[in-house]
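You will see chain A twice below: alongside chain B first, and alongside chain C after that.
Up next, the complex of A and B:
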């Protein structure tokens, strides 16, 4: 097991890692999910030894790595940039880590050629990386990381700079390739909650260099422990509705009183924040709202709306054409809302999530 | 219609003809004459000057000496320049100061620096020999013995021009992408292996350019020899440029000096082309993991 214990790194007064602790098991993919600047890349670089945390410990199967230089750590890494050796052929790029490890040149090249065949680049071995497309260059980088069969594989948003179709295809290919490396600890950093849900066996939510929550992806998605975690784990962004529960029922600050039993739960009177996912808002209801922005992504439509002073985001699993400025009637499924207390901690999770 | 474009090229072509083609063609013509102090003017001597230089052992020795001097100094300049460039490439203390400091020798006038170095090498008055004596090495006949004088010319050339090599190589290093170095560290390459497998091969094309630029310049070594040793003792440090200068400007054998110059030009053009091809084969095309 890879154990990261209380890793801290501050540069120029900015905390990049703040007492980060993560445990990752072999044969399982641990996804680090967070927005840009959350500390995911810094954490992976710390594991690889490319940055040195000021405190904390990194160990694999009980062996402390914390002071090892990067070239002595048994890791392989793929980054979001297509990093290859521009002066070497594709074959020599992939053979490079094996040759550095002391394997005979010919054996290393044979292993590299086999791995290039697995990532669909058998015909490209003699070319230089610059002669390949972006997707092919990233396949070379992935092949170089996998051929090493390192005990720890670090994947830092490896598909973020690829187009949608290629990303989907490579994601599936990578999952397939990793099935043959069941003794490998895989840390996968991503900003995309869906990717974390789809690929990971364990999700670690990060923000501002801290770990917010860790656990199985569906559990984290279904019950984010805090408002901050709910923001990180939802894309499109979760709708946050300031609310008050009184003796007479639920009142949303900007949308007024809701029907009795809208949350369906007995909560003591007080101030709360409801977290309502974008897919839990539908058109065709009584709440009037004006369309501010429409984004079509694949076969989904994300619509940003204003209901009075309350901004809302709605996700529809269809391509729809809401004109800017037009009026829509909305239905809020408040029964599925997450309820957070005044301190931001989750009090109740929605009816059907997780 | 399309011919009008040549009108716009004409000023440039005229300058080209005036500054390059005319002197070259005139030199060719002069080399077929026996123009000297007794027979001034463009007479017709056929290939007599070329026949003469074929048997001129002093010329061929100067050419051999020049080859030895330029290749060895450029090689040492490359190694030192690369080491200095690597030193100030990464974040180290006083990096900016060191970058400027390393360039100082290049900024000074070659003749002035050669005069200063001649003073340093002076066997009885210069500061170098007392230092060597204090170190127990003993005074050296810097400018009066052939091997020492040759070494002195080499030292001054290396001191003067290593900064130029440093500048070119540092610019090259700074232009390299940083990502392959990051990948090399993760792929198990320590600092030495990273240099051998990543830095050096990626600097191949830049190295070839830097070495060729310096080789072209070094093949014209003149000021250092003129000021430091005047080609001596005897002809021990005489280079081709200096020998041509003696024949043309001191002995006023203009026709012969022109034949020497043209032969030298052809030899250098062929030699540098071969060197360039060899370097490209060695340093650019053969990168392996």
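Up next, the complex of A and C:
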């Protein structure tokens, strides 16, 4: 097991890692989910030894790595950029780490050729990386990382610079390839909650260099522990509605009294924040709202609306054409809302989440 | 239209070739002339227009009225090649350091250090001549090959640093890091991964060093007396009250020959696309 304990790194007064602790098991993919600047890349670089945390410990199977230089750490890494050795052929690129490790050149090249076959580049072995497309270059980088069979594999948003279709395809291929490396600890950094949900066996939510929450993806998605965690795990962004529960019922700050439902009845009077996912808002209801922006992505439509002074985001599993500025009647499914207390902690999970 | 374009293109190339070749042709014909041949107006055809003579060439090898340039030629080769090689090695290492590490000394940063190197070439040579003279005298290396090599290293290294810093900066730092994670310590990373990707830069920097080193007259003249002479100084020694154009032309040809060979070698390298797109 890879254990990261209390890793802290501050540069120029900015905390990049703040007492980060993560445990990752072999044979399981641990996804680090967070926005840009959350500390995911810094954490991976700390594991690889490319940055040195000011405190904390990194150990694999009980062996402390914290002071080892990068060339002594048994890690492989794939980064966002397609980093390959420009002066070497595709085959020699993949064989390079094996040769550096002292394996006979011919054996290394055979292993590299086999790995290139697995990533679909068997016909490209003689080419230079610059002669390949972006997706092919990234496959070379992935092949080089996998052929080492390093105990720790670090994937830093490996598909973020690729187009949508290619990303989907490579994601599936990678999952397939990793199935054969069951003794490998995989850390996968991503900003995409869907990717974390789809690929990970364990999700670690990060923000501003801190770990917000860790656990099985469905549990993390279903019950984000804090408002901040709810913001990180939801894409499209979760709707946050300031609310007050009184003796007479539930009142949303900008939208007025609402039917209390199970949520309102279960909680004592006080101030709360309701987290309502974009898919829990539907059109065809009584709440008037004006369309501010419509984004069609694949077979889904994300509509940004203003209901009075309250901004809302609605997700529909269909391609719809809401014209800019037009009026829509909305239905808020408040029974599914996550309820956060005044301190931002989750105190009630909606009806169908988790 | 296409034929006209081709014709114009060939005409332009022919004119340019003539422009480049003409001085060499002039030197070559002059080197086989005598005093009479030189003063009798422009002549081109040996035996028909002038009587060819080997006098100019013989004067380069200790013939009548000449000097023997063999020793100075070898001295120039030794000083230029050694100085360039050492400057290239030290300059490349310095440039890699300046490209990859952040240096701070008070208000001084990497850019200032790079400029410091370049500033050595901005100063007029005369500013350096006296300190160099005094330093070599103190070291007991005046009028010696090691002394000249030392000075040439100091003069050529800024060129190497200046060229190589830019080349190293084009190589993403991620490449160094990837090599580390593939098991290469820093020195191996530099030799096996980074250096092969800056070969075009090394060629350019080496070319500049060789050209500047080979052509230098000023320091070769001010830091030597009689014992150690370099080619440019010995060529000047050919001059007398009557300018021996035939001997000077022969000397110019032998002096430009190594650089012409270098130009051909580098041109072949350039035409292979070595300099373009080596790094993504």
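Following the convention adopted for this analysis, the second predicted complex is superposed on the first by the 350 of 354 C-alpha atoms of A that agree within 3 Å, B and C clash if a C-alpha of one lies under 4 Å from a C-alpha of the other, contacts with A are read in each partner's own complex, and residues count from 1 in each chain.
The rule we apply is simple: contacts are C-beta pairs under 8 Å (C-beta built on N, C-alpha and C of every residue); 3 or more make two chains touch, one makes a residue touch a chain.
Just so it is clear, the structure is predicted and the values come from calculations on it, not from any experiment.
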Inset, instruction - Kindly say whether there is room for both chain B and chain C on chain A in the superposition, answering fit or clash. - result: clash
Inset, instruction - May I ask you to decide whether A:95 touches chain B, chain C, both, or neither, giving the answer as first, second, both or neither? - result: first
Legend entry - Which superposed partner A:292 touches (first chain B, second chain C, both, neither): neither
Inset, instruction - For A:197, decide between first (touching chain B), second (touching chain C), both and neither. - result: neither
Inset, instruction - May I ask you to decide whether A:130 touches chain B, chain C, both, or neither, giving the answer as first, second, both or neither? - result: second
Inset, instruction - Find the residues of chain A that appear in the contact set with chain B and again in the contact set with chain C. - result: 48-50, 69-71, 75-77, 79, 81, 83, 85-87, 96-97, 100-101, 144, 148
Legend entry - Of chain C, residues touching chain A in the complex: 172, 174-175, 177-185, 188, 193, 196-197, 277-280
Legend entry - Touching residues (chain side chain A, partner chain C) in the complex: 48-50, 69-71, 73, 75-77, 79, 81, 83, 85-87, 96-97, 100-101, 129-130, 144, 148
Inset, instruction - Note which residues of chain B are touching chain A in the complex, please. - result: 177, 179-180, 182-190, 193, 197-198, 201-202, 204, 287-289
Legend entry - chain A - residues contacting chain B, complex: 48-50, 69-72, 75-77, 79, 81, 83-88, 92-93, 95-97, 99-101, 105, 108, 141, 144, 148
